[in-house]
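What follows is a set of structures for review.
Note that chain A is present in both complexes that follow, paired respectively with chain B and with chain C.
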Partner chain A sequence: MTELSGLFFYLVSVLIAGGIYALLCLALNIQWGMGGLFNAGIVGFFAIGAYTSAILTTPETAKHLGGFELPIFAGLIGAAIIAGVTGWAVARICVRLKSDYLAMASIGIAEILRLVIVNESWLTNGSLGISGIPRPFGEYTAGRPADLVFLAYVWLIVLIVYLVATRLYNSPWGRSLRAIRDNEASAAAAGKNVERFRTQTFVIGCAFMGVAGALSAHYFRFLSPSATDPLLVTFLVWVMLMAGGSGNNRGAIVGALGIWALWSVTEIFTNRLPPEWATRSSFIRMLLVGLLLQYVLQKFRAGILPEKSPPLHFEDEAERPAPEK
Partner chain B sequence: MIRLEGICVDFGGLRAIDHVSFDVGAGAITGLIGPNGAGKTTAFNVIAGAVRPTAGRVLFDGEDITGLKPYQRAQRGLARTFQIPHEFYRLTVLENLMAAASAPEGENVFNVVFRRRSFGAEERAIYDHARETIRFLELDHVRDEKAGNLSGGQKKLVELGRALMRDPKIILLDEIGAGINRTLLSKLADKISALNEEKGLTFCLIEHDLDYVSRLCSHVLVMAQGELLTEGTVDAVRNDERVIEAYFGGGKYEAHL
Partner chain C sequence: MKKCMTLIAAAALLGSTALAQADDTKVGVLMDITGPIASFIPPLQNAANLAVKQVNDQGGLLDGKAVAIYGDTTGSAQGAVDAAQKLANVENVPIVMGALMSGTTIAAAEAVFIPSGIVQISPTATSPAMTDMKDNDLVYRIVPSDNFQGQVLAQMVLDQGIEKVAVTYVNNDYGVGIGQTFMDAYRAAGGEIVAEVKHEEKKNSYRSELATLAKGGADHLVVIAYAGDSGGKIVKQSIEGGLFSNFVGTDGLRDELLIKDVGAEALKTSFFSSPTSPADNPAQKTLHDAFNAEYGEGADKAFVDQTYDATFLTLLAIEKAGSADRGAMAAALRDVASSPGEKVGPGEWAKAKALLKEGKDIDYDGAGGSYNFDANGDVSGLIGKFVVDGDGYKQIAIFE
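Let's look at the complex of A and B:
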């Protein structure tokens, strides 16, 4: 019985982290899948969101800025705003760059943010981190039931972000954005303000990445610079989107859950390795994930759920004679 | 409608356009001809804003637009097609055309998330316009195909369709005929004349087929080696010695043929 409930709560923890990854993946899908913006600094915006929400919701302490004790939902909103504003500032500088340069610039910015987090202890308590970060409805629940509450909370937010992403995708705005992604010159020749679209896209994506960061801080109740590992955030999220299907919101969620499940399973596997191999386990897992991505992309070139043009709702009336022009 | 004044364009050491000035008259169909590498496409890029001239000014309806970006010029009613098709390759043909239309309500990101009703009528009108254009271009059977999978000629038609979706004042057509079958090409010529006569839509077209040019254009500009060689009616230009020289060799331009 305990074995079974242990397994159940293991599954819950996988689904919570999977939900947070789904958010990141949806955000990246907005930026890359729809907008063609190569954000290789996802972890930077994730970290901004995490620290913003942590600082806004924790009680007063001498160790770092804080004492606002705001409700958690306010922390999430704050995370979205600060990450979005940072994204806006980055976009102001980088949005004109070609995609490979944007990738380099965003890696650099994420690295700068990491150094700020490690070194500005008055703000973040440096490498000692922030503790006592509250959970939503933490006053009413504790222990394992609290995980279930948090699971629902995370997936509620995934649902909201998914709905927003779908509306963005299935709209003239999304269509023009995908047009810009496919050919910037002819989109401009069709009167599209490329920079405006890209800035909006980047800001929206970064805000959602910030929300994901905030949720992860609340989940672990503790936040230190080690939570902002580019390998575990940026790299894995890219793998998820590529495998799931860039340009497809459902694909983003499927990719996030699928890859995270595999990642978790490989942990069980690498834990059984002899001790001299155990230290190398993270590399082995990376290798396995890399091989898997290769396999998926060989089989499904555009990911498991490829990009699909949104339906046009006029088809039923389509055959009526067009108005004279 | 369009006036170039003393335009020069340098690409590194290469002078692609050398002090070119000309007018594209409002309500006319103007041809732009010349041998390969004459600078015709570059001239279009200067008009559309894709290439910034080293010197000179571009006027649109009397207004200096030299400093405007391509999208701003497009919003003022200037449409163009590309010589090498620039389709939105992961969008369907229908989406390619619809994406080209201007959609101020539907491209507002706030409306898209919070006020879905605000752009319904606009979208409907764009859809009808796109369907009509697709029917005219005989692309109905590939309407839901991704544009990247089309043939070269079909992509050209998508280019034209997108330009028509803009409801522009002037369309620059860069070798729209290359790769399109004769029957459709002839229909296109009819449509271009019709649009010109009925709606007063101005055209400027680059084309290598002089018969096609003579069928459509009253006025022709001839470029060679980055210079404006001459202009006039097709017949006058055809018999101009410098033009013959430029096309068939001899004299100043021989070395470049």
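Let's look at the complex of A and C:
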């Protein structure tokens, strides 16, 4: 019985982490899948969101800025705003860069943000980190059932972001964006303000990345620079989106869940290797993850759920007179 | 057909559970195996395996054998929480040794082990934040908090009659942790800090930092950094520039490398603090001999003693509790680690098991110290005062 409930709570934990990654993937899908913006600095906006929400919701302490004790939802909104504003400032400077140059610039910016977090200890307590970050409804739940509440909270936000992202994708705004992504010159010729569209896309994506960061901080209950590892944020999210299907919101969620499950479950297998392999099993696991990712990426080149453009609706088509020849 | 084979292989792997028998007891070992401190880990895995092997060679754990289940934090909070979830829920371990870095230890504890009621004992996490965690008496460590060395260092400096210092510390959790507590304790006890500079690692020149530090007119410079990195360069460059000639360092600076770099003559007025074992601890030699007999070399590597001791303590706690019941672990751990009780040392599993069977109280004194936990699950440990003596260091006093 304990084994079954244990497996159940493990599944819950995979779904919580998978949900946070799904948010990051949806955000990246807005930037890359819809707007064609190569953001390789996801971890920077993730970290801003995480620290913003942590600072806004923790009790007062002498170690870092804080003492606001706002409700967690306010923390999430704060995270979205600060990450979005930072995204706007970054976009003002580098959104005009062509895709690969934007990638380089955004890696650099993520590193700058990380160094600011490590060094400005009046703000973030530097390398010692922020502790005592509350969970939503934490005062009513304790122990392992608290994870269930948090799971529902995370997936509610995933649902909201998914609906927003789908609405954006199907809207005229989304169509213009895809036109810019596929052919910038002709979109500009059709009168679209390319730079403004790209800035908007970048800001919206960054705000959602900030929300994902904030949820991570509340999940871990403790935030230090060890949560801002680019391998586990930026690069893993890129792999998830590529595997899931860039340009497809459902694909982004499927990719996040699938790849995170792959990442997590492999350890259960490598732990069963004979004891003389014990010191190597963690490295074998990394190799295994790499191989499986190669397989997924080779097998599904356009992703598991490839992009499918929405059908065009001309509501007044019937009434409109046939075009004259 | 191919798919079928893969499935069978997977099922065989999962089903084998490392060939665990029904009577076997799992113990969780959470380490930062891949990631930034990967190079430290192999001897530490050997240390944990040695403890488990000794237990199995000397009568086993409870009615079966002990099985170490590893979790890899990948050195990040995400990985730590994920690995901890697997140890807690899939493997159902009653107690966990680890993790090694403070950041991963605290994230695993806060998100997983405290809610699931699992005792965790870290061999190396020194972050002061762990002291005031609301942990329901579940989180322990067997190294003193950074706060402790900072406070002792302040006392050491004042005892020497030095009432005015300049301070520089490296910007990571080690430097900031000790640096801040040192300054607070030093000021509180009446000392004056005329200049303080936090510096970054891996720079070539620290002359501008040193210029700022020298302005206050202090004779002594407190350096909290590593000899192989910024600490060594700061000492060297301040001697070259004639800015400071008296240094006060911590265990990071107390390194033979420093003497090689600047010479013993230049350090004769300097002194250093470092966590230390009680003088001539025989338990340490016992462990090192057993370790080298098993693995050939590596017993003197950093944190081997602490990792072995922490693993051995988790196993003793399970044996003491008499079952793999999570709820009984905290009390059992406190019991086997603290006096009173009959002394047990590294490798003496058969003796410990026999004593526990008779219902006697035991007290484990490990290779790294005697580990009496306070109310927060911290240990106080000992800090030695060292001076340069020829090519090495000589301990001239022990502070508690």
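As a working rule, the second predicted complex is superposed on the first by the 289 of 325 C-alpha atoms of A that agree within 3 Å, B and C clash if a C-alpha of one lies under 4 Å from a C-alpha of the other, contacts with A are read in each partner's own complex, and residues count from 1 in each chain.
One rule holds for everything that comes next: a residue touches a chain if its C-beta (ideal position, glycine included) is under 8 Å from a C-beta of that chain, and two chains touch if they have at least 3 such contacts.
Computed from a predicted model, the values in this text were never measured in an experiment.
Colleague: Regarding the shared-chain residue A:101, is it in contact with chain B (first), chain C (second), both, or neither?
Modeller: So A:101 meets neither chain B nor chain C here.
Colleague: Contact-wise, after the overlay, does A:137 reach chain B, chain C, both or neither (first, second, both, neither)?
Modeller: neither
Colleague: Of chain B and chain C, which one touches more of chain A's residues?
Modeller: With both complexes superposed on chain A, more residues of chain A are touched by C.
Colleague: Look at A:13 in the shared chain and tell me whether it touches chain B only, chain C only, both, or neither; answer first, second, both or neither.
Modeller: The second partner, chain C, only.
Colleague: One more residue to check, A:119. First (chain B), second (chain C), both or neither?
Modeller: After superposing on A, A:119 lies in contact with chain C but is clear of chain B.
Colleague: In the superposed arrangement, does A:185 touch chain B (first), chain C (second), both or neither?
Modeller: In the superposition, A:185 touches chain B alone.
Colleague: Looking at the overlay, does A:295 come into contact with chain B only (first), chain C only (second), both, or neither?
Modeller: neither
Colleague: In the overlaid three-chain picture, which partner chain does A:271 touch, first (chain B) or second (chain C), both, or neither?
Modeller: second
Colleague: Going by the contact rule set out above, which residues of chain B touch chain A in the complex?
Modeller: Answer in residue numbers: 48, 50, 69-71, 74-75, 79-80, 82, 86-92, 94-96, 98-103, 105-109, 111-113, 116, 119, 122-124, 126-129, 131-132, 135, 144, 159, 162, 165-166.
Colleague: Sort out for me which residues of chain C touch chain A in the complex.
Modeller: Result: residues 10, 13-14, 16-18, 33-35, 41-42, 45-46, 49, 68-72, 74-83, 85-86, 88-92, 101-104, 106-107, 110-112, 115-117, 127-129, 133-134, 171-173, 176-177 of chain C touch chain A.
Colleague: Would you tell me which residues of chain A are touching chain B in their complex?
Modeller: 164, 167-168, 171-176, 178-179, 181-183, 185-194, 197, 200, 204, 247, 307, 309, 312, 314, 318, 322-323, 325
Colleague: Could you please specify the touching residues of chain A with respect to chain C in the complex?
Modeller: It comes out as residues 2-3, 6-10, 13-14, 17, 118-119, 121, 126-129, 131-132, 142-144, 146-147, 216, 219-227, 229, 231-233, 263-264, 267-269, 271-272, 274-275, 278-279, 281-283, 285-286.
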